[in-house]
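Every chain is named by a letter (A, B, C and D) in the order it is written, and numbering of its residues begins at 1.
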Amino acid sequence: MIIVMSPASSQEDLSGVEEKIKANGLTFHLSKGEDRTIVGVIGDKKKIANLEMNMMPGVEKTVRITEKYKLVSREFHPADTVVDVDGVKIGGEHLTVMAGPCAVESEDQLKEAARCVREGGAQFLRGGAFKPRTSPYDFQGLAEKGLKMLREAADENGLKVVTEIVDKDDMELIGTYADVYQVGARNMQNFQLLKALGKAKKPVMLKRGLSSTISEWLNAAEYIAAGGNENIILCERGIRTYETFTRNTLDLSAVAAVKELSHLPIIVDPSHGTGRWQMVRPMARAAIAAGADGLIIEVHPHPEVALSDGNQSLTPKNFNRLMEEVKQIGALMGKAL
Amino acid sequence: MIIVMSPASSQEDLSGVEEKIKANGLTFHLSKGEDRTIVGVIGDKKKIANLEMNMMPGVEKTVRITEKYKLVSREFHPADTVVDVDGVKIGGEHLTVMAGPCAVESEDQLKEAARCVREGGAQFLRGGAFKPRTSPYDFQGLAEKGLKMLREAADENGLKVVTEIVDKDDMELIGTYADVYQVGARNMQNFQLLKALGKAKKPVMLKRGLSSTISEWLNAAEYIAAGGNENIILCERGIRTYETFTRNTLDLSAVAAVKELSHLPIIVDPSHGTGRWQMVRPMARAAIAAGADGLIIEVHPHPEVALSDGNQSLTPKNFNRLMEEVKQIGALMGKAL
Amino acid sequence: MIIVMSPASSQEDLSGVEEKIKANGLTFHLSKGEDRTIVGVIGDKKKIANLEMNMMPGVEKTVRITEKYKLVSREFHPADTVVDVDGVKIGGEHLTVMAGPCAVESEDQLKEAARCVREGGAQFLRGGAFKPRTSPYDFQGLAEKGLKMLREAADENGLKVVTEIVDKDDMELIGTYADVYQVGARNMQNFQLLKALGKAKKPVMLKRGLSSTISEWLNAAEYIAAGGNENIILCERGIRTYETFTRNTLDLSAVAAVKELSHLPIIVDPSHGTGRWQMVRPMARAAIAAGADGLIIEVHPHPEVALSDGNQSLTPKNFNRLMEEVKQIGALMGKAL
Amino acid sequence: MIIVMSPASSQEDLSGVEEKIKANGLTFHLSKGEDRTIVGVIGDKKKIANLEMNMMPGVEKTVRITEKYKLVSREFHPADTVVDVDGVKIGGEHLTVMAGPCAVESEDQLKEAARCVREGGAQFLRGGAFKPRTSPYDFQGLAEKGLKMLREAADENGLKVVTEIVDKDDMELIGTYADVYQVGARNMQNFQLLKALGKAKKPVMLKRGLSSTISEWLNAAEYIAAGGNENIILCERGIRTYETFTRNTLDLSAVAAVKELSHLPIIVDPSHGTGRWQMVRPMARAAIAAGADGLIIEVHPHPEVALSDGNQSLTPKNFNRLMEEVKQIGALMGKAL
């Protein structure tokens, strides 16, 4: 931590700052400039993390130098993590695609979707059985009935299952049917849920919050890792900006940032990220070119009758085109399905 | 809902749209303009809410006309709601101030804070016993021990208690000690928590999410109301923008917007909203002048040693000045403590 | 400037950094922590301002400690500046209100508006003769004809004139008719215009850009001051956020921030800041309570027929109510019209 | 335009709305729903564009259906525009790369940069001779001296020149040396400059404003087109969001959006868009995969001594790698250098 003393601060103020640092078991270096004195705090990272100096008399501002997350950081673990989901790998040289409808609606819909997902070459069936919806009057999902359908449709097609968890009480239930727990954007900082998933035996896919910084996102992942579960996949799904043409602004630079800061694999959701099916293919290509380890795509056999998010779902035909294009770009990036 | 047909759409596309509307038990009016045909959908609000038309061939875009929330809307309930917390009222002609430290740290700190809160004239003691923190390594709160301290310090000073709930499993425990449940910004769309609080017997203060629209916020309140608990207080606490000088951007126009759209009382948190103690007094005055029903303020007997958010806490002396100023502006607005 | 060396940096990297600092005529202090070495650069502010260290091998990041603006800073000039517009004062103990239609449309409209502005007690007539409009097909203003009308209507009612300049070539022309030049949000970083206004003899009101930080805004004001014109009034008019209910998000915390960082007077535009006439009065009251030195308000004798921005214009009756309320809050703040 | 009447509106309010529509030479269709009456306005697009209905008694809100821009819209001109810069083409099947230092600093620097640009296979030399800088004390560019150096270095290497214009008075001077005028983000809504460039004989590259919507951007392009100059290239360069790890948030979905809404070519600036050289290559690849027609890249022979933006400049070696990768992805997209 660096403490910038105000130009109007006194020697007494500085002594107060120095004493508080020492009282916390830390040391410091002074650097006296023309206008301002700078105090660099030195010592144990955790002690520094808990040091609050802003209110000390004479302090103008403080600057934190290091991030608080550790287990998920590239600095701590330089090699790429590859998450193994019963043989299907995510990260490293692997290109992984998860696809399916936004919400599980019926057996027929899901089986048709699952066939299309397999035929396109994807490895995971996605679909929501528990849906977090803005309004209490919107369709909230089929719950266990939906989970069963997911498992069945996936098994028939040799696919893995990823589905959203919105309540820690459902952890066991969902774990019975799914291979990967998905934490949605709205729950990225639902720390109770993250702590529970830190004890889970199955991997977690953590979506970025609607307006989370990359640092907050990695700190949220650290909650899971700190609990003991290091099988974490990050998922960029668009952030909230002022632009209204798209539903969200898909932030592909987050892919490059995560690759720099963390060893965790990262996949991209261009369906929620744009909210417009017309943009899903170009953004899927761009995501892989940016270095993403995979994609999660909304596919619906009949998007025009979807109960939620029809506007961002691909038809099976468009999904096949996407898979073709993505394979080619993946090959250039050294990644294969 | 209004459906805008693309200029390139065919008569067949239009027929498809008309049939889907009818199949959903709804009717429509056509309006053929120079470039585009507009279809106005008419009928039951809930059926319209679930209608998805964006993927129909020939559809350029759709515009929703009405909000989904109802119980919390001014249209449904024109008079101001006044929430009664065992005799302390929030809303209408009442000016309510909640104050105290960000986190409960120790008995001494809390008792000193509570005295100062009472002496300033506020009615509620605030303080976090369960803290949602960005990093798993930050101080997470004293849990039940903290709740007990809160209750005791409040009782000694004739104050009510408001404290944050982060897990629905804590509802009973917190209800034993607190008078009002606070839902924090990160949990505004934790729908499981909102549903649980819809069954609670005590009022809920719902903070606005970090990047929530006013519409999403009122829909979140609707989750609580739809569960049967209509004792809801809204709390504006700043939204996330690009500005870095302040911690958040306190959106006081949300006060005027909520007063127009909803009958619920709204209070303002200038401490989290700005993140800088220097700005708390001006923003508190501005909040009341904008029409807010009250304030929630961080006060710490010794902010320079606070375990969290010291930088935004007022000293007792500054808090007293704030209370004086706020009373004067409240009087002009027809509101009294 | 503080330079944070990467944990992986070598002694050679550090030497490179040290040499570059010395080569720029500056010195430094080292602070070696557990993970990282921190280099504090010391010396002439301008030299530091031009130092670029991010690309040096081994550098993780750099942190700038001081702002680049000087003349407009509170640090340089601690007392409040009061701008004198031929006897009408802005800043200090003065409360100043500028009001009038968004665009000058006709002589009748303007004279009616000017009467209403005077009757309400405001000191300035506002109105656009040159309008920056999003589309080339929108009404672009009456130019000199509009300026003449403004002057005439103002003179008849003993008012000063403030009007927007969008082109430095119009400086003389506008200066003939107006008392204060207004720089609009879109031109806040039109540095050619700012440089020209630095040579002007009349005061400049500088609106905050749509997504400008407070620091960028004060740097823009510094362009004018550096040219020799220190009669600058800042104007907060709302920033762009994700919220769609209001046209912009009026950032009243900017008022408190500017009062802390600068000696310049600041006024607030709740009409553009909210885009909804229903919100203008509450936000005007809040602005004054936050410490603003005045307001700029859209008033239109017949807002329902306005050629631009009718939705945010007050009727004369509402304007009178606003002026009454604002006077009362101003009195509490030690400011009078 | 669609007008939504308030549920509380009277028959008289509706008549007032109908009369105003007719008085403006337009007609309408009514659609009476359960809660609200909707009025669809029909007739001449320009008349509708100027209709202001929000202030009419009984009106709840209005929704504009069509965009105001026309010449630059895909609807008006379905085929892709290919801009021809004396034989070097931008758009369609062409992949165009502009590269060079942020600011022109010296002859040596520029000649070295130009060689490297040519060797990498790019077609344009970029470099700023007039620099819009946040602070008046930052380096403002070499002006004509810089333009001469640019032309010379470009000619020696068979490159075209693109450079920024910040003042309409410089149009002739810059036109003497450069092949394409660049309008920077800060000037995207400097309408005087856009109008002047509408009369220019040379193409214009229009960067997206820091917080401009896609609609505002295309309306800004319409200013140039409406003046008679249809040789316009759009350039996405990152938008302002809350994220601080990157300098801006590069919005690649804007590429897909522009391809849908407009026939103009679009290129991407990953250097300013991210502000971090480490991210330039991944984002350049992603841009081409998203469908962009080209790139503008900061290359500096010695980024560690650059006078501005060193942190986002590539070394020649990294630039060569970028060009290799981009060619491969371009080939998949049917585009060649």
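Observations
Just so we're on the same page, a contact is a pair of C-beta atoms (placed from the backbone, for glycine too) under 8 Å apart; a residue touches a chain by one contact, two chains touch by 3 or more.
Protein names from UniProt, one per chain: A, B, C, D = 3-deoxy-7-phosphoheptulonate synthase.
Model, not experiment: these values are computed from the prediction.
At the far end from chain A, in terms of centres built from Cα atoms, lies C.
Averaging Cα coordinates per chain places chain B and chain D 38 Å apart.
Centre-to-centre separation of chain A and chain B, using mean CA positions: 26 Å. Multi-chain contact residues, meaning those touching two or more other chains, occur in chain B at positions 211, 240-242, 244. Shown here, the protein chains touch in all possible pairs. Residues of chain D that touch chain A in their complex: 211, 213-215, 239, 241-246, 249-253, 255-257, 259-260, 273-274, 278-279, 282-283, 285-291, 325, 328-329, 332. Of all the residues in chain D, the ones that touch chain B in their complex are 2, 4, 7, 28-36, 38, 40-45, 63, 65-66, 75, 211, 240-242, 244. Those residues of chain C that touch chain D in the shared complex are 20, 46, 49-50, 52, 54-57, 68-69, 132-139, 166-167, 186-187, 189-192, 195, 210-211, 216, 219, 222-223, 226, 240, 277, 303-308, 310-311, 313.
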